[in-house]
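So, here's a batch of structures to check.
Both complexes shown next keep chain A, but they swap its partner, so chain B is in the first and chain C is in the second.
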Partner chain A sequence: MQKVGIVEVAMTPGTESSLSLMEFTYKPVKEVLDKAGLRRDQVGTYVLASTDIMHSGMSCANAFDWDAAGAFMKPASREEGDGITAFIYGCMRIMSGRHDTALVVGLIKGSENAENDTITSCFADPFYSRPLGIQETTAAAMQMRLYLERYGITEEQCAKVVVKNLGNALFNPYAHIKKRVSVEDVLKSERICDPLKAMECAPKSDGVCAMLLASEEKARKLTNNPVWLKGWGSSMDTFYLGDRDLLDTQLKTAAVGAYKMAGISDPRKEIDVAEICEPYAFQELLWCEELGFCAQGQGGKLIDSGVTQIAGDLPVNPSGGVLATNPYVSRGLYRVAEAALQIRGEAGQHQLDKKVNTALACAGYGFAGQWHGVAILGN
Partner chain B sequence: MGRAVAVIGTGQTRHGRRDDVSYPDLIKEAVKAAFEDAGITSQDIDAVVYGSMPSMMEGVAYNHFYFADALRVVGKPLLRTETCGSTGQSIAHTGIYWIASGMADIILVVGSEKQHEGDAQATMTTIPEAFMHADFVGGAPVAFSMQSREWMGHFNIDEDKAREAAAIISVDCHDGGLKNPYAHIRVNITKEDAMKARIITYPVRLLDVCPSSDGACAVIFASEDKAKKICKKPAWVKGTGFRGEEYFSGDSSKAVWQSAIEASKEAYKQAGITDPLKELDVAEVYNPFTYQQLMFLECLGFCPPGESPDYVVKGVFSPGGKLFCNPSGGVLCTNPIGAAGLIRLAEAAMQVTGKAGAIQVEGAKLALSHAMGGALQFNGITILGSEL
Partner chain C sequence: MAEKNEKPRTIHTVLRVPFEMALGPTWTRFFEGLREKKILGTKCKECGRILVPARPFCPRCFEPMEEWVEVAQEGTIITWSYVNYTYFGVTADMIPIVPTRIKLDGVDGGWGGRIGGFDIKDFDLVNKKVKVGARVKAVWSGERHGHLRDIEYWEIIE
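Entry: the complex of A and B
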């Protein structure tokens, strides 16, 4: 299999932008091209990620996004779904041997969309689930309740995730929410969907992430510091929540696939940093279990131990994660970009104080995480 | 490119107004048919690719979640690809790249639409940008009619001649629809019927326009090794191409449709085709409107620019002609949008493997399939052949 390298990345801050969606998209795309010293037409192929339902009121999102992404008259496609899927599709296009470079763009302007849960309620089937008021937050609340009850995880332990991630976000120039908070602040914030508190839920952010990928030969020409794709896995769960064990998720299947491809047998030891998708605080703990960073039901102890702190053995979300910045569609691509920056030592103020050889980036969406994708990157 | 890829099975629903099934059941119907055709089960596939139009059109956003079970993707990877009307070709390309990359061996690709559960034209009015664009090109008939006029003006094409050629295409397609067991529109029409049908948006008349259909299509792709093991007669992917042009319609000429020209050139180059009219045996051209088929015949290099009406009137693209286009009746008879581009590919696969039944083109070995989408913006091509 052909090796694929990340050559350059660019991101916008998650805060509300006054630019039009087209200009907003154009800027990081141009930044990536400028950094790599390429013109738009020199890129082999383009893969976009956006979604019709969160696209500033315009559907068939690729139609509008095409020009600003630079895809005019180039072999290209669009993923309707998390940005990490555009990343892997871009990698596949290079692995096929047909293109030597791919530009991947994930884009959304949350500030121009309806509330996330107004939209996620439309994921529900109209007959059985939607009348019950199921959307991502209510589904997550049920998942959290089960998590607390089955494993004795405490609300304090969940709140610690918010304290850690928002604390990390203070040092990330692209973060949306910048605020130092205490466990008490989190626990006292409004219970919006019991047991979920307002501060445990991700915001709605703007965000475009652009990334240039290249074949091994081309990547070595374009940069001295390529980051390689080492492993990939993804998996889809069944639709109805009642048909699933919400604490036994497809993230496990996705991770197993990614670890196998990357040759990782002990993720806790072999992975130096993880950027994971935690739109709800408790999910970071649960996902850490599913990723094999600790045993099942031990997510609470993991955060207590300090291992996942920015100075810990296995820092999780040094960027502040999705709790700090939640551009819904592109958030998965942000995870990959942040993981790549850590490996390159270019994360700036939130750069880890250790050598990062192997990083994990994962993304998930849908009720209680119906779909998950896991990427392993290495130097 | 990479590893060779083949189609080892196709499945379609009966298309039309499908009030008899739920949307997930509609998907299941196509998926089941594809597995039966390939002689494999869902356990044999590595991953699934799905696509449709903006799915809020039918009331459920990100409907791949809802369809997880129907798509037989539980516990497996899924990618959702979407490029408006060209989705059917784009999802096939995702599957092809996935296998060519070496990351998977067998992939199920599914496209669908259930237009009677929503309002496609209402959705299409949200494709153009709201402030400057939507007032002019909202909805498909307006965009396509403007383009038809631009094309006739650009090449100084006699309107009566174009009208007659469009009517011939309509008759050929409706004849095909009558013979195609999956087709939606089944009417016997004459050239006069087509020429005198009521005006929708000038110059487009009722029989120049596709229907709104419910339907799904599933295609199973496999790597060379697997295809040779599983399938007696695979349809090999010989070439693919995809291009998109500017968003704002006024930014470029739509009479010379550059994305269609460039996408087909790329596919021909890969397939080693230099004279498509001579070398192709059959073509499934995306024709939601008859006039667009006239334009595509030129852009895909089947005839010189501005001369498609002459060629059509001479019968070059009719049954028994040099390159029969749309034996299935095309999109003109069957239009479940997200599936329509994949149906073209499935029909092309059926033609080169001799499985097309009543609409089989005798001895077809090389077939082109095509789809178009967006605000006259995107074109995708896949060429299939009976030999590797």
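Entry: the complex of A and C
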């Protein structure tokens, strides 16, 4: 397999920007090109991730932002889903041998969109889900109930994820919500969708992430510090919640695929850091189980042990994760960018105090995590 | 799963999703220009093109476009159509409409507007007056709100 390297990344902060979506997109794309010393027409191909329904009301995510991403008059296409998929499509175009560079851009201005629940209620089918008021939060609440009941996970253990991630975000210049909070603060926040509390749900953030990828030969010319793609896996479950065990998601399948490709047999030992997608606090614990960081049902004990803290053996979401910054469509690309920065030792104030050789980035979306994608990166 | 030749039973759904878009500094200045009866463009320092509406950057050269220019309010019709049916957002009282693309003098690229200033309900008259290559000028609305429709219509001249 041809190696693909991450050459440069740039991100915007998650806070509300007064720029237009076009101006907001242009800035990090220009930053990445300038850092790599390339003109936009020298990039082989472009892959964008954006979603019509979360595109500030234009409902055509190929609008002005196509120019802003530099993709204008280039071989390019757009992925209507999570940015991590745009990342893997960019990698595949390089692996095909057709292009030696690819620019991947995930873009959204959450501040201009309707509430997450309004938008995800549009994801519900009008036959069996929407008449019941199902959207991502209500689906997650039912998943959480089952998680607490089946494995005896406590609400305190779930709240600890919020404390950890918002605390980590204090050191991330790109984070949206930065707060020193206590387990009690989380438990006392409004029970919006029992057992989910308001503070356990991700915000809606602005966020453009631009990432330049290159073939091995080209990457070594463009940077002294490339980060390599080592493995990838993804899988999507059936849409209908009634046909699924909500605590047995396709993240397992995605992870198995990624580990196999990367030659990882013991993820808990071999992975140095994980950036994962936890729009609801308890999901970080459940996803850690499914990623094989602990045994099934042991997610609560995992956070109690401190292993996933920023100074722990296997830090999870040192950036603050999605609970701190949730640019819905680009959040998966943010995970990859954060993982890459940790490997390069360029994460700044939230850089881990250890050598990072192997990092995991994963993303997911849909009711109770219908879809998952897992990427393994290495130095 | 035999398909019968009959009208299916359906579930009627309507999605209403609110959005709030930031214009950003470049387009805010452009729309403020309209309020003052000015059409503003930006000039690229690399390729020298002047684009309207004003852009934050040149889509081709990918450099910031920081030089502002007030452009001509006269130009030439590139193409046009005659809208004589109703659709979402366009009701019977709004038609006919004569949409046009105009090459403003000195500007690279086409500007969108509507032809007016005479009885456009008379299609034969429209067909006689509105030609590709015909000269037009902007006619401003008496009350302007910093909105695209501050230019009420484009009038055929000469």
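By definition in this document, the second predicted complex is superposed on the first by the 378 of 379 C-alpha atoms of A that agree within 3 Å, B and C clash if a C-alpha of one lies under 4 Å from a C-alpha of the other, contacts with A are read in each partner's own complex, and residues count from 1 in each chain.
Rule of thumb we're sticking to: a residue touches a chain if its C-beta (ideal position, glycine included) is under 8 Å from a C-beta of that chain, and two chains touch if they have at least 3 such contacts.
Predicted, not measured: the structure shown is a model, and the values here were computed from it.
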With both structures fitted on chain A, tell me whether chain B or chain C touches more of chain A's residues. B
By the touch definition at the top of the document, which applies to A:R93: first (chain B), second (chain C), both, or neither? first
So in the superposed three-chain picture, is A:T85 touching just chain B, just chain C, both, or none of them (first/second/both/neither)? first
Given the touch rule stated above, what does A:L33 touch, chain B (first), chain C (second), both, or neither? second
Using the touch definition from the top, say if A:F72 reaches chain B (first), chain C (second), both or neither. both
Going by the contact rule set out at the top, does A:C122 touch chain B (first), chain C (second), both, or neither? both
Contact-wise, after the overlay, does A:G57 reach chain B, chain C, both or neither (first, second, both, neither)? both
Go through chain A and flag every residue that touches chain B in one model and chain C in the other. 53, 57-58, 67, 72-73, 119, 122, 126
Write out the stretch or stretches of chain A touching chain C in their complex. 17-24, 26, 30, 33, 39-40, 53, 56-58, 67-68, 70, 72-73, 109, 111-114, 118-119, 122, 126-127, 130
Partner chain A, residues of chain B touching it in the complex: 1-3, 48, 51, 53-57, 59-62, 64-69, 73-84, 90, 93-94, 97-98, 100-103, 123-124, 126-130, 241-247, 258-259, 262, 266, 373-375, 377-378
Residues of chain C touching chain A in the complex: 11, 13, 15, 17-27, 56-57, 59-60, 62
Of chain A, residues touching chain B in the complex: 1-2, 51-53, 57-60, 62-64, 66-67, 71-81, 85, 88-89, 91-98, 119-120, 122-126, 232-239, 250, 253-254, 257, 365-367, 370-371, 373
